[in-house]
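Pasting the structures in now, so scroll down.
First chain A sits with chain B, and in the next complex the same chain sits with chain C.
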Partner chain A sequence: MSSPTNGNAFKKNGRIVIIGASLAGLRGAEALRNEGFSGHLTIIGDEPHEPYDRPPLSKQVQKGWVKADHTKLPRMRKVDAEWRLGVAATGLDRASGVVRLANGDEVAGDALLIATGVRARPWPNPEEAKLEGVYTLRTCEDAARLQAALAARPRRVLVIGAGFIGSEVASVCRELGLEVTVAERAAAPLAGALGNVIGAIAAEMQRDAGVDLRTGVGVTKLEGDAKRHVRHARLSDGTMLDVDVVLASLGSIRNVEWLEGAGLAAGFWGVACDAGCRAFDLHGLVTNHIFVAGDVARSPHVLFEYQFLSLEQWANAVLGAEIAAHNMVCAETERRPYLPLPENWSGQFSRNIKTIGVPSFGDELVFTQGSPKERRFAAAYGRRGRIIGAVTFDYGKWLQYYGAQIERSGPFPPPAAGFDVPADARVVPAEFPARGATTAAPDVVLTGHEPNERQAEFRPRTEPRQKRAA
Partner chain B sequence: MTPDQAFAEAMKFDNRPNPYPFFDELRKTGPVARMSNGVYVVVGYREVVALTHDPRISADLRKRPNRPQPAPMKGGDELDPEAQLLAEYGKDPSMIVQDPPDHDRMRRTAMRHFGPPHSPELIPSMEAECRRVVNDMLDKAKGKKRIDVVDDYAYPLPVTVICRIMGVPLKDEPQFHAWIADAMAGAELGPDAATEEGKRRKEKGAASIVAATKYMIGLVESAAKNPTDGMISKLVHDDGPDGRMSPSEIVSNCWLIFIAGHDSTVNLISHSVLTFLRNSGSFDLLRRRPELIPRAIEEVLRLESSVNFWPTWTALADIEIDGTTIPKGSPIFFMYGAANRDPKQFCDPNKFDLEREEKESLGWGSGIHVCFGGALARLEVNTALEVFLRRVENPRLVVDPPPYRRNAVFRGPLHVLIDIDGIRD
Partner chain C sequence: MAMRIVVDLNRCLGYAQCVPLAPKTLKLSGEEALEYDPNPDDAQRQQVLRAAASCPVQAIIVEQLAEKKK
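Now for the complex of A and B:
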């Protein structure tokens, strides 16, 4: 067996297994070949499809412009890999580097890249979630089903949760001329990502477009008809709605269950890794041959007080996978840190929304350019006198100005623009909602009495406590 | 060489065919060179990108301190109604020399009649016309052994298309062609401007600008009475969400779009043919593999930028860049043509390289003022080159370097003579 510590032989004849066949898995594979890895490459994906792009699924696909199965990712080069698609990884034995698959097969690797991503958080009541007409949106099948349901002209669509996905789908509904209600527990749409000040602008956008936006409410019950098709929804304020389609857009769950027992620092927070994409074991010690990239990865970032960040972002999947691939095959002295400047975008209600940095890491906000009233503006987020994020609505061309300042740890508020300064350019609280209770507790404990005998151990998994209905 | 000397040499007409060694001289003093007149000349790629995204830098000359007020545009006597008309129409500069929010409003308004999401079909619908025009020109050249790529090939296509899009009568071409040529020749920045000849060119240019403005006012007023499906008319009658542009904004922006909409395209087509013929093998390679044409266009635009630099920028605050502080009020020139050959960004920067990995040049500009008509220009140039490569047999450059036009900003050859064996069907 060639080991990654045995540089050239590994690069030539080693075996690498990539678990996850979406954006990060594919770009990781391509990067490995670009790095000169000529050994055996296996790519395992639980979905039966070749890697496809997800951002269009909530936008162009729902509008009917692009079919749900027509978003295949472009290939940047040949990867010459053994593809194991449609079969999930179910376990990992760290000592032997063996990945167990759902069909009983085993695939051994000298080095592994974990890129299993996230899945949509389902509607928490399993019986209600099974009703016809209740959807989540993550995969191309999800997208095809939702698109067909919207194309059938439902009387009313209910979107539960006004994050980016929920808001984008609500926007499409209005473009299609469909009645849509959005129920959001926070005070405003996008509040978790951007805070209530920007959220209030997003709320106006929704209402002006004809969305029936209800904030500060949850959905307590979904009811079906005799054919088990959803027909009614009850809100926490007692209102009943007649609905034919429900989209539960409640965020995501990280795909880490298959790592149970593997001894890695994997849990609801993702798979923790160092800034070089190397996974931590459950003690927080760094491993040598297991790497993590994409939505499931969680790594410390120097710009954000070394806190561990998960970035569910397109560019993070690409760039993280490239660094992971490099570090998998390079000499130790050549390793590179993965220190992204996070970037994200959304299209909704005829606006292009972009962020840079981590707005939710901030607590203050200042509008820096444009007009919040016209919903065309740039705003910067600050924390402790430094700029740590920015958001633009139809002002994306200015984003890199803020990016450069975030990289340099520039002051907050940033230097004033020379023109187009908003009427009210005061620093205000960004008003992020208080962090909610986590939906699962990390079942990890310390054992041993003497300090040098201390060990970490996962408790046996229990079903996560039922979360109250969103 | 001091920055002043290097800049002056780069501006000299004699050096128009190859200003690049002097850009390299400027680069020796760093990515941002200060000239003794207080102008900051930016030649570094990263620095141009950073500064074109900096909202403390204005494109609007009216914000430059101590700038002599330009004389009001004169059409004759002060009491002359024509003079009043010109003064009225001349008061709002075009979007290329304005900042947000006015720049953004004008650009949005103009784009409604040019591209997506409101007019997604306009540019693609021009493809057949482009193909017809370039094929006609080659049909006319049949039997000839020598052609001028500029006059016989590069010029007629974009001018026909932009006239069609805007609703400018093509029959007026001899007239506006002369005005534009004079206006361009009269806009000089280097030592040539101070010569007697230069002063005469400047006067002639100013007179042409007046004539051209009157002409555009005529088109605008005619469209107000008799709407057409051209862009001038659409702007005159626009009732979009931002409201209508003012009459003087319509005139200045229509001139901008009209000139930028063909002049720089002519330069790009001419420079493309010139570059392919200078680099042996590339003409045949591109004929064999026309799918490489889009890459080739981007690479030519990097090497021979149609807008070689832009001088209207002003720092509205003290701005630190690469260890230099550009003081508030300083004029800034973004030297796109120099930045496009910055060795820190482009390996072997003077080489025409179709395999280049770093493809993103500043040939289309950068930031909010990035080329308004890029999609149309790409379609026109791509069509022109594809047909040229397929039909022109064994083209050879007659003179290299070819004679250049005077203007240093909109830099391009006056003629590119080639000998050919024939024109294929």
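Now for the complex of A and C:
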């Protein structure tokens, strides 16, 4: 066995296993070959498809313009990998580097890259979730089913949860001329990501487009007809709606269950890792040969008070996988930190919404350019007197201007941009909602009294602690 | 047979130079939000390559090889 600590032999003849065959897994594999890794590379993916891009699934695909299976990712180079697609990883033995698969096979690696991502959070009532016409949206199969349902011209679509995905699908529904109700428990759409002040603008956008937007309400019941097809939804304010299609867009759950018992710092928060993408073990000690990238990774970030951040963003999958790949095969002195300036985008209601930095890390907001009324603007987010995020609506050309200030830990409020500055540039609270309770949190407990006995023990819960109503 | 592209929409700034060069593959929704067909038909190849070359911020990523899959 060639150990990763034995640099050249490992780079030439080592075995690397990538668990996860989506954007992060693919770009990680390509980066490993670019780094000169010529050993055996295995890529394991639970979906039967070769890597595909997900952002179009809630937009072009739902519009009926692009087929759900037509978002295959372009390849940047040959990866010469053994692809194990359509079979999930079910376990990891850290000591031997063996990954167990759902079909009973085992794949051994000298180094591993965990890129198992997230899945859609299902509707919490399992019986109601099984009704025909109730959907989630994460995979290309999900997208194909939802698109077919929208194309069948339902009387009304109910979108539960007005985050980015829910809002994008609501936008498509209106573009298709479909009646759509959006039910959101917070005070406004996009409130979790952008706060209520920007959320109020998103709410106006939705209502102007003809969305029946209901905020501050949850959905308490979905009812089916005799054929078990959803027909009615009851809201927490007592309203009954007639609906033929329901999209539960309730955020995501990280795919970490397969790591149970592996002794890694893996749980509902993702897989914790250092700024070089090395996984932490259960005790918070860094491992040598297990790396993490993409949606499932959670690492500390110097710009954000060294807090551990998980970034469910496209660029995070690409850039994180490239750094992980580099650090997997390089000499210790050549390691690189992964210090991204987070960026994201969403197309909805004919607007291009972009963010840079971490808006939700802030507590204050100031409109810096353009006009909120015309929904063409830039706004900056601040925390403790420095700028930590920015959002633009159809104002993307200025995003990097704010990005540069965030990288420099510039002051908040930022100095006036000198172009298109609104008359009213007051700092206001950004109004982020309180963080919701997490679900199915495992217990980690400390045991032992003597220093050599002291250790953490992971006690997975067999039942979710509480089910969060949407 | 389809070609494969992906647009880095963080990088895309909505200049929309690409849209008239490959209108069947790249469209604007509103003034700035780009939408595109990730796997356009091979018949679109020349137009798509021209559109990719025209992007001032080089946000359109085109497949670099025809690798045997699996």
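Here are some notes:
The rule is short, and it goes like this: the second predicted complex is superposed on the first by the 464 of 470 C-alpha atoms of A that agree within 3 Å, B and C clash if a C-alpha of one lies under 4 Å from a C-alpha of the other, contacts with A are read in each partner's own complex, and residues count from 1 in each chain.
The working rule: a contact is a pair of C-beta atoms (placed from the backbone, for glycine too) under 8 Å apart; a residue touches a chain by one contact, two chains touch by 3 or more.
If you're wondering where the values come from, they're calculated on a predicted model, not measured in any experiment.
By the document's definition of touching, neither partner reaches A:F308: not chain B, not chain C. Taking chain A as the reference chain, the count of touched residues is higher for C when chain B and chain C are set side by side. In the superposition on chain A, contact is made by A:G370 with chain B only, not with chain C.
Of the two partner chains placed around the shared chain by superposition, chain C is the only one that A:T71 touches, whereas chain B remains out of contact.
Of the two partner chains placed by the overlay, only chain B lies in contact with A:Y401; chain C stays clear of it. In the superposition on chain A, contact is made by A:D420 with chain B only, not with chain C. Touching of chain A by both chain B and chain C, each in its own complex, is seen for residues 397.
Interface residues of chain B facing chain A in the complex, by the touch rule stated above, are 49-50, 53-58, 60, 63, 99-101, 104, 316-317, 367-368, 370. Contacts from chain C toward chain A in the complex involve residues 2, 4-6, 8-10, 12-14, 29-39, 61-65, 67, 69-70. Within the complex formed with chain B, the chain A residues making contact are 368-371, 376, 397-398, 400-401, 404, 415-420. Within the complex formed with chain C, the residues of chain A that make contact are 50, 53, 55-56, 59-60, 65-66, 70-79, 83, 85, 314-315, 343-345, 347-352, 354, 394, 396-397.
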